[in-house]
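Heads up, the next two complexes both have chain A, just with different partners, chain B and then chain C.
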Partner chain A sequence: MMKFSRRLVLAVSTALTLSLGASLPALSADEIVIAGSLPLTGMFGFAGVGVEAGIQDYVKMINEEGGIAGRQLRFVYEDTAYKVDASVAAFNKLNSQEEIHFYYGDSTGFAKTINPELNRMGSILMAGTSYASELNDPATYPFQFMAGPDYTEMTGILLEYIAKEKPGAKIVLVNSDTEFGRDPIAGTKARAQELGLEIVEEIITPPTAVDVSTEVLKLRRARPDYAIFHGYLLAPIPEFMSQAKQLGLDTKFMGTFWSMDPGSWAKVGDVANGYMGVMPYRYADDEADDAPMLDRIRQMRPDYRSTPYMQGFLTAMLFSEAAKRTLEAGKELNGENLKAALNTIKDFDTGGIIGKPITISGNSIPVGRIYTYNAATQKMDPASDWISLQE
Partner chain B sequence: MSDLLFFTEVTLAGLGAGALLSLTALAFVLIYKATRVINLAVGEIVMLGAYLFFAFAAGLGLPAWVAIVLSIAGGGLVGAILERGLIRPMLGENPISVFMVTIGIGSVVVGLVELLWGTEPRALPAFLGNQPIFLGEAYVSRKIAIAFLVSAVVIAGFVLLFRFWRGGVALRATASDQAAAYSCGINVPGVFSVAWIIGCATAAGAGILLGSIGGISPAMGVFGLSALVVVIVGGLDSIAGALIGGLLIGVFEAWAGTYLGGEYKIVTTFGILIAMLMIRPYGLFGTTEIERL
Partner chain C sequence: MLIGTAKHSYRADEALLTTSPQRLWMAILLIALALAPLALDNYWLYLACLVSINVASATGLNILTGFTGLVSIGQAAFMAVGAYTVAVLEARTGLPFLVNLVVGGAVAACVGLVVGLPSLRVKGLYLAIATIAASFILHFVFVNWQSVTNGNSGINVTPASLFGVELTDYVHLYYVFVPITALMVLGAANLFRTRIGRAFIAIRDRDISAEVLGISLLRYKLLSFAVSSFYAGVAGGMWAYFFRVVTPESFPFIYSIFFLAAIIVGGMGTILGGVVGAVFMTLVPELLRFAVEWLTTIFPNAVTALSPIRTIVFGALIIGFLIAEPKGLAEIIQRIRRFFHLWPFRK
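Here is the complex of A and B:
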């Protein structure tokens, strides 16, 4: 029988350690790590799945081109099912395993919860699914940003369009009774007043609402020119539109980014025809001449390109641009330097993902375009030029 | 438009929405009545029924009526499998354990639906028509009117079945006293199975109606919680309680949502629940010996 001497044990354990070490991936110091709390399941699951694909594709594209200043990007994430506690747990777990430079958060709740920790650490720049107006405050949220307009800016873009199309229009606001839904109400009312538009009714629907018959009755009584929905992915907007059509209302129905996915509307059928809303990004099937990045996206992923995909893709692009500018300046990749580099982005060409050059002077990109859903083609058609609130 | 007409329309809409709650609540009641199990997975079975309809009608392109029948049958089959596979082995265990098993079933159903159909919200193929219905001058949403009629017919059917059908009488006997039912030769485990099959089939049917109004998503099972409020208000073991509790909650929610604001709907619902638990803990028509968990 073999005798285990101290020397033999030491030799074997050293050999094992060395062989394991050799098989480990490159140390994180050589990489730029994007970590994320992604809602791959749960009520926001469709967003997480799209975002994940978008970030993965951009990371793959950059790595195939040699990375950023020779450093490869790596994307690590956990599913959170859109729960703040799970997101925080994922953040802590990933943070203990990786040297994270960028983080993708899954909700407003998480962004607010983790903010003190981000400020304390000072090493990470974060973006995510949330466009909450509250996050658009560089003083309180110095290490966060959003890859588009905040929710108040989104409705602001809608109001700019309405004021131009129908001055003095009557508007009804329909919002879900959630933090997400209530976010832009005050700002929208103030901006509508400035633009001479009249908010004639405010309808709040409980987050679990299925039937909206009573809300439709309120809508009929108000007889608005436009109804702006916010705080919904899809339901109950189709039911509002269906019943409004039954009642002969000629109200135009509008929404914000998270309810602008044509794939979701395609399943609604003809009743969805004419639904309008604000999109911060071009749709991936847009074959505009000035959008070479969309060609690359179509090559990489011929089938699945939802609106969350575009958001994830652009977020990864902005992460990369911030890293590139920081490294070019010879600075360390930390939250402060990355955010400062992000804020140097001026008249930046996103390859056509956003239809005009963007400037990020704060925490948001207040640019968007109005699209109208066409049930016959199952596509969103542009209804306006790109509208920037920076101008 | 006169305020009276508006009030009438709001009340009718509330009755319609309440009928949907009643139908879902019925699934809780049927199962509880026979087996004394509070099945917290009812909301998820509602959701599963809607997805089955989606699969049959949109996926396989079957006619709506065939898809409805298959979806309801599918809900019943799931009920049978759950009862034989998971609930029956738990007979005699602590009620909290069985309660927790049903919560687990709900999570598993959500996970399976997400795996099979994805997580994005979808719309069911339109099969209820779009022509508005007017009662006199009062507008009623067509889907809600149909939901009301279906719920009324189904609940009336169950009332008659429980009174006249042998199986219904067996179920009532089991609900009254399981040992006595055994001694009378009633196949009590069989009654349990039938209750789960009928309860889950009813939930699946409610899911089709619900999905046709509000669309479907894996998260739509949350509706089951509203229905749970209805059964607590109406009485956990009372079919009439499910009906009246549902209509009551539906109408009060409609009034609160219209005259106070949408944010008061849930406040009203749970306000009624708390008041009812304080005044009549066993609900409007429930049996007084019900144990609260």
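Here is the complex of A and C:
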């Protein structure tokens, strides 16, 4: 019988690890390749898994319809665990294996880090999970865009809603102490002033704060009509809501895209009832008449579709539309042509994913709708019509 | 087979490479490093640059923790000091990038001196907590010293340039970073042939005995912190030129754990340990990508399903190597060397 000595085990494990280092060849040169650095593990793992499913479904749908001008789409991606160095490694690895036309990035940090390389290469159009306001600058980020409003535009949509519902309302801003959290503060304050709304308190907390009793006391002193949270996935918003309810505050709690997943709120229970926020997309279970694409999504994926799924799906749709318009114009698929084609999108019907036709004149789509969480049905119910900041 | 390494002078006894096979292998390594960019694509060159940065920083931490016995979990924060210094100097002064790197290292060394003060009273886990506290204080400074650090948005760094060539391609960066790291590793190796390095080791082995022997704990503990932080600062400076954006979130706390893990896995208290530990910790997760990719030929969409397993396998490999050889990867290499000393006559 073979004896498993320490040396043998070490040698075999090292040899196996090294032998797998040989890269696999790319499949075909005629395809349109979407590549991605996805956070499939780590704190944003849920986002990566949702985005991957959304992009895969749209790619499958287009390929079954014959592709774009006869060319099939292919989606290749790597896990990054939401780490910038791993994202850049994935970008370089995929670029060394494929001729990439579109790229999906996993964070603001990656978008900023890879931007000089994107500009130098000039061959790729990129979008991603980040809605950072800084990226909404076509001069600095000419080959990037976001499939929705930037964070300042998201809070801008919330403020439009508030100004209409309760003119002169008092607002408290609660932001996490991260680049993500602090992103819209200055823009929100400026826009609130323009709309005659009063920011009565600004609260900054650690991103995963647990004990928020001091902050809730600040909230009680300020007695705002609305509290706008940004920079959180969920915690500590439920804790704020729970303590505010115990104190008898009638403040309405609001948030932005990343805290708008009903699947996450369902685990919170009744205290989540009434939580509001801005969503750039319809939820997949919305059975509106003018949303045929949602019917197709439900057919393809009957199980739960998260908010990142919708983001991934729409991003793939916009990638495809940019490729289609570029090829129709007889131009080469490169960053400049693809971005120019993307910016020709005017009054475009997304099949109901966004409830009104969209126009992409820059790097963002400043459109959204306010939804309210219903704990009884565990769904987000529309609380407003679609609000566009372009109008 | 090598039957003996007789030395006829103190100089030969103190040499870094004492045998001809060692010198031969080192020559092969240097030639391979010099020629590697001819064979590597952009992905591997990127990883080579990242390994180079991590080796420099891990070697610095090894001087402090492995050789002086002072536990630090603040290496990433010292790297951040170097990175911010380089970013600010690059944006505001236009000094040559090599000068910026040295100044980045020097500023980090000064911060390291201050952070090292608690080491005069506490050691072990207590000192580790003190260095954690220092890294959180530094993070607060990076976020709130808006006029210098630009707060949460951070600073964009323009590419370094050398002899009129902008260092934007990985191949250019490779030929700059690898020699710098090689010099730093050589410097560390030489440090332990001097009184200073031996004082560090004496402090690690028994600080009270060291003091009785006339080694000033104040001087040498702080000096160890300063040298270690200098290494981290220069590594952070290279990081800034490599990624070209420095934000407070660029150097998370987990990055400090990464370096501590690197020197433990590689082998604390040996120069080779810091190097192989950083190489292992940087490259193995990437090599495991290929394992997942290979499995996609059998199971479609394996990347999504197997990515969490990749993380588990990486953790298991670390534990496995440590069980097989608690002294780290460096000891495995030494064991291989000893095997060939007697080969083919060993049973």
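Operating definition for what follows: the second predicted complex is superposed on the first by the 362 of 391 C-alpha atoms of A that agree within 3 Å, B and C clash if a C-alpha of one lies under 4 Å from a C-alpha of the other, contacts with A are read in each partner's own complex, and residues count from 1 in each chain.
Just so we're on the same page, a contact is a pair of C-beta atoms (placed from the backbone, for glycine too) under 8 Å apart; a residue touches a chain by one contact, two chains touch by 3 or more.
Not measured: the values here are computed from a predicted model.
A.B. asks: For A:190, is the partner it touches chain B (first), chain C (second), both, or none of the two (neither)?
C.D. replies: neither
A.B. asks: One more residue to check, A:177. First (chain B), second (chain C), both or neither?
C.D. replies: A:177: touches chain B and chain C.
A.B. asks: Just checking: does A:329 make contact with chain B only, chain C only, both, or neither of them? Give me first, second, both or neither.
C.D. replies: After superposing on A, A:329 lies clear of both chain B and chain C.
A.B. asks: Going by the contact rule set out at the top, does A:206 touch chain B (first), chain C (second), both, or neither?
C.D. replies: In the superposed model, A:206 contacts chain B only, not chain C.
A.B. asks: Return first, second, both or neither, reflecting whether A:217 touches chain B, chain C, both chains, or no partner chain.
C.D. replies: A:217 contacts chain B only, not chain C.
A.B. asks: Looking at the overlay, what does A:41 touch: chain B (first), chain C (second), both, or neither?
C.D. replies: Both: A:41 reaches chain B and chain C.
A.B. asks: Determine, under the contact definition given at the top, whether A:269 touches first (chain B), second (chain C), both, or neither.
C.D. replies: Only chain B; A:269 stays clear of chain C.
A.B. asks: Could you tell me if A:79 is touching chain B, chain C, both of them or neither one (first, second, both, neither)?
C.D. replies: After superposition on chain A, A:79 lies in contact with chain C alone.
A.B. asks: Going by the contact rule set out at the top, does A:233 touch chain B (first), chain C (second), both, or neither?
C.D. replies: In the superposed model, A:233 contacts chain B only, not chain C.
A.B. asks: Chain A residues touched by both chain B and chain C?
C.D. replies: 40-41, 45, 49, 177
A.B. asks: Touching chain B in the complex: which residues of chain A?
C.D. replies: 40-46, 48-49, 177, 203-206, 208-218, 220-221, 233-236, 238-239, 242-243, 245-247, 261, 263-264, 267-269, 271, 306
A.B. asks: Would you mind writing out the residues of chain C in touch with chain A in their complex?
C.D. replies: Touching chain A from chain C are residues 41-44, 46-47, 50, 143, 151-154, 156, 159, 168, 170, 243-245, 247-250, 284-294, 297, 301, 303-304, 307-308, 310-311, 317, 320-321, 324-325, 332.
A.B. asks: Flag every residue of chain B that touches chain A in the complex, lowest number first.
C.D. replies: 1, 6, 9-10, 13-14, 16-17, 20, 58, 111, 114, 118-123, 125-126, 130-132, 139-144, 210, 213-215, 217-220, 222-223, 225-226, 254, 257-258, 261-263, 265-266
A.B. asks: Using the touch definition up top, name the residues of chain A that touch chain C in the complex.
C.D. replies: 6, 9-10, 13, 17-18, 20-24, 40-41, 45, 49, 52, 56, 77-79, 81, 84-86, 88-90, 92-93, 95-96, 109, 112-113, 116, 120, 134, 177-179, 182-183
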